[in-house]
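So, here's a batch of structures to check.
Next come two complexes, and both contain chain A; in the first it sits with chain B, in the second with chain C.
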Partner chain A sequence: MTRSRSAGVGLIGPASVLILAGFLAPTVIMAMLSLRDYSGMHGIGTDWTLSNYIDVLGDWFYMEIVLRTLALGLVVTVLCLVVGFPLALFILRVGPRMQTVAILLVIFPLLCNIVVRSFGWMVLLSPRGVINDALLNIGLISEPLDLMYNLTGVIIGLVQIYLPFMVLLLVPALQNIPADVEAAALTLRSSRARVFFTITVPLASPGIITGSILVFVLSISALVTPRMLGGPTYRVMATQIYDEFMTNLNWPSGAALAFVLTFIALALIWAANRVAAHLTRGISA
Partner chain B sequence: MKRFLTVTTAVAALVAGGQSAQAKDLVVGMFGGSFGKAAQTCHIAPFETASGDTVVVQEGSSSQFAAMVRATGGDSDFDVVYIDNSFAAQLAAEGLLQALDKSKLSHAGELVDGAFGAEDHFVQYQWGATAIAYNPADYPTPPDSWADVFTAAASGKVALPDIAGTAGVHFLIAAALLNGGSIDNLDPGFEAIAKIAPEVKAYYTQADQIISMFERGEISIAPWYPDRAAAAGDAGVPVAIAYPKEGAVGIKVTMVIPEGAGNTDGAYAYIDNALSADVQKCFAENMYAGPVNKDVKLEGAAAKAVPPEMFGKLYFPDPEKIAANVGDWRQRWQREVTK
Partner chain C sequence: MIARKPSWLLSLVAIAILVYMNAPTIVVVLASFSDTSYLTVPPQGWTLHWFEYVLGDSRYMRAIWTSLWLASGATFLSLILGTAASYALHHCLVPFRDLILSAVMAPLVFPAVVIGVALLQYVSLLGLRGQPFVLLLAHTLITLPYVVRSAMSSLTGINPQIEEAANVLGASGFTAFRLVTLPLLKPGLVAGAIFSFVTSLDNVPVTIFLLTPRQSTLPVKIFASVEHGVDPSIAAASTLLVAGTAVALILAQKWVSFSRFF
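Let's turn to the complex of A and B:
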């Protein structure tokens, strides 16, 4: 072994050990757990079985939860993109002082615990909360709106919580677009809308795709916000996994659900990367 | 001034360090909120004074403790855990609890029948119940039957416990009994609850979630716990408790010593203290916890919330049947009731 090679091994060694011991080993243990049988009063058995997976994949009750989770992730991602894109453009094109303020405002919510932020939304959205009270007082509505303990509440909460991630990934992507390209298109009398859709958006697509993947994966695995704003009986994958582990004590079933969620996420990331590779041919990220 | 502060902190650190080196720690898993405060007064303070040990409290729910005890697989960090008897039965069946040695518990002979679990893996220190909480303003005559919960559903002012918690399991059993079923045949219970499910205002998973609903007048009746209702009533919430004539469903809250506990002697002393008549009375008066020591005489508010004469009329479901089947019941509940 040459000296530089051994130095290389020494350098990647700590990280490899950390990943093997801290990530791979627990995952393997969970995978084995998901293949065990379980019954109340006997606990986790010693027989190998696929029944935990069959129960999840062959049951419309669970498939509904899976579909609800994916739909939730999709809606949150699209909304984050729609709200985040103009914000990222604003941050990029505003004066330096305002830019600092805007970036700070985007980052600031990240410093606050997610439970506190979700609780803040409960204060705002509850039937007698700030929003409903204000609307009732000015006479816009006569009955409180159902803003919480349903899909609406979960979407509002998740969009606010994950918007910073989208914006922070879009800003550098937009920064990479040379200003000359847009200027050239405008000189050639292209309309602003056309410039936006045929120049800005395609050139920003690496950032759009990374941001979307991140927000999507975070949304489908979010536990606290769906539990708090969706209410005790609102079910997505993450809450169902938590309940299997912590309430039913059926760890094999919870582990199987967790792996189904992981595989869905991996498949979607893989697909998105393929699409991204196709779209961004020739664009350096 | 700065120097003075440094010296005092150093001395304080030395003293604190010296103390913890001599006395032992006792790690106790218990419930939080008002329960934790009452336990601090009645259970922890007298124990610490008598033994010199330091109690380290970890707060959680029965199911969380069960998950933690299982996760450490027979080498638990806890010395004593407060836990509902169905979870205790589950852990005992998995071999994760020590069988209690009654000779080390001086008050064991003063307890009600059935306080010790099968093979003495857990000891009940408190009885509670799932009964009917109602708003006195909406009920000039207090409700007296589980049937009143069902008839009130049409008004849209009923909250039900979700099956994630003890009250939900008990209400399901009560509904089955009311409609001719039993713990072995819950079909009538599921049918009755599924029928009113569309009109139910809300399901709660944590006991105190319905306090604000009573406060805002959103609900007028709900299956709930007498101890919580009495405490909420003291705080000015418009809620009172009624024991249904069919019999409320009894709750046995137990203490267990997990396998692998580091301070077993301390654990026995802690549990024995909690079972003594004085401490039982203290806990009943502070927390409206039904006493299990037969020498305790209650009066006033505590006697009204957890009447000793009611204890014999409670229906205590078999914890092993619950532990064995509750997973299936929860699945069915999610499909038929809270879908």
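Let's turn to the complex of A and C:
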């Protein structure tokens, strides 16, 4: 026993040191930083204060950023669900060869760089971009549409970027539903739509919840896409954290904002795990 | 789920969604071949000029090399640290198993930008900003969860009695692991390695905080270039990154079937 214990410590040691020194220590030190006072004149002070958090939660400038980020996350999540469901159904229903192609086409963008994909959207959405050019050419519009450097652009980009996660979680969730249950309901003369909403969706709910939380958390943490497609003046929490650290050099304020974001993300993941575990128990019982 | 052929409406919608999902990448690749000084799709005239430009530009080349050694190094370190840790965690050789496992997986649930700024202030405090090994360790930290997740799930599928049998037959602990368990783990580790390589290659939100103005990785360089206006050279650099990813994906398919992704 003692031999395997020491072997265990030897095996886990290097990874633990990396996590302790490279992740936990920086997080604790940033927590302390978020409690330091800051003034534009003197920089980071030595007094302890809660003012950075009070600012984030009380100042309308920051509150608007927090609310905008959460609203953006919600819209992106709902759209990913609405767009992801038909694609997941299609993947489950087509023949094996087409299924492989479809799965490849879902995984390929997932593995393509987010910067590259956001840049692709800039090429497509800009005022002189591919979409506006095409619409102008066929005469559907006379003025270029504002598709970029605003909420529209950020939503189009984020949905595309996080959709693969949703689809890859919806497919197994739908696949695991026993065909008998739906067949039974159809035999009992339920309409297809009714079967879908009262049987398929509830039984797939653990996957739906996991996918939605994942997409939501990733969307509210996104830095690259909102910066590239929203432009420098479109602020969400991640871009504001970036600006506080890199431009304004107000690190305590940035640290406080970072912890608010982390708290929201972790709380959601925790809650979703609880709900999903509860639902899974309910289904298997 | 009842097996049923997709209706034509569903097929049409699904194809439209697949086009939407792949459109930005396709557009970037097409634009990189355009014989114009501005971005245009479909390309007008075909040229490799922009690739020549990128591959001849010393800043782009430095960024590409940084990206490649960082991704290879981080994947290598993650494979070693992650496999060792997973083995110990799976066989319950360590105390506080669940706590350690959550700590190892934490970088996956923490917002990347938060990890980035936490490391920025920590590394500045220690006076280590810009050191290559800092970048390597940071990338190892964010790729480790992928290796651990695949290794743990592969270990679950391995019958522990096989390794015990090897022990009984006289193989020492490490020999038994190397000759028996490791080959069984290989598909899982390959999947973990591919994910970790791609994750490192793609990362911006952590990397961008740790670079000095003279350093860059390819995605950070592209991200920074876009702020100064766009031209086909950015598309060419992006295409190189896409090509690298495609190669990784093809290699992955050779070793592991895509069913592993589910």
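Keep in mind that, in the parts below, the second predicted complex is superposed on the first by the 241 of 285 C-alpha atoms of A that agree within 3 Å, B and C clash if a C-alpha of one lies under 4 Å from a C-alpha of the other, contacts with A are read in each partner's own complex, and residues count from 1 in each chain.
Just so we're on the same page, contacts are C-beta pairs under 8 Å (C-beta built on N, C-alpha and C of every residue); 3 or more make two chains touch, one makes a residue touch a chain.
All of these numbers come straight from a predicted model, not from anything done at the bench.
Chemist: Quick one: classify A:Phe61 as touching chain B (first), chain C (second), both or neither.
Modeler: The answer is first: A:Phe61 touches chain B but not chain C.
Chemist: Once the structures are superposed on A, label A:Phe245 by its partner contacts, choosing first (chain B), second (chain C), both or neither.
Modeler: Touch status of A:Phe245: both partners.
Chemist: Contact-wise, after the overlay, does A:Gly43 reach chain B, chain C, both or neither (first, second, both, neither)?
Modeler: first
Chemist: Quick one: name whichever of chain B and chain C touches more residues of chain A.
Modeler: The partner making contact with more of chain A's residues is C.
Chemist: According to the stated criteria, A:Ile141 is in contact with first (chain B), second (chain C), both, or neither; which is it?
Modeler: neither
Chemist: Mind working out whether A:Ala271 is in touch with chain B, chain C, both or neither, as first, second, both or neither?
Modeler: Once the two structures are laid over each other on A, A:Ala271 reaches no partner at all.
Chemist: Figure out whether A:Arg235 sits in contact with chain B (first) or chain C (second), or with both, or with neither.
Modeler: The answer is first: A:Arg235 touches chain B but not chain C.
Chemist: Which parts of chain A are touched by chain B and by chain C alike?
Modeler: Residues common to the chain A contacts of chain C and of chain B are 232, 245-246, 251, listed in rising order.
Chemist: In their complex, what parts of chain A are in touch with chain C?
Modeler: 4-5, 7-9, 11-12, 14-16, 18-19, 22-27, 29-30, 33, 83, 86-87, 89-94, 100, 102-109, 111-124, 130, 160, 163-164, 168, 171-172, 174-177, 179, 182-183, 186, 200, 217, 220-221, 223-224, 227-228, 232, 238, 241-242, 245-246, 251, 254-255, 258-259, 261-262, 265-266, 269
Chemist: Note which residues of chain B are touching chain A in the complex, please.
Modeler: 63-64, 66-67, 70, 89-90, 93-94, 162, 164, 202-206, 209, 216, 218, 320, 323-328, 330-331, 334-335, 338
Chemist: Quick check: in the complex, which residue numbers of chain A touch chain B?
Modeler: Going through chain A, the ones touching chain B are 39-43, 61, 127-128, 149, 231-233, 235, 243, 245-251.
Chemist: Which stretch or stretches of chain C touch chain A in the complex?
Modeler: Counting only chain C, the residues touching chain A are 1-6, 10-11, 13-14, 17-18, 20-28, 31, 39, 41, 80-82, 84-85, 87-89, 91, 93-94, 100, 103-104, 106-107, 109-115, 117-122, 125, 137-138, 140-141, 144, 148, 173, 198, 201-202, 204-205, 208-209, 219, 222-223, 226-227, 230, 234-235, 238, 241-242, 245-246, 248-249, 258, 261-262.
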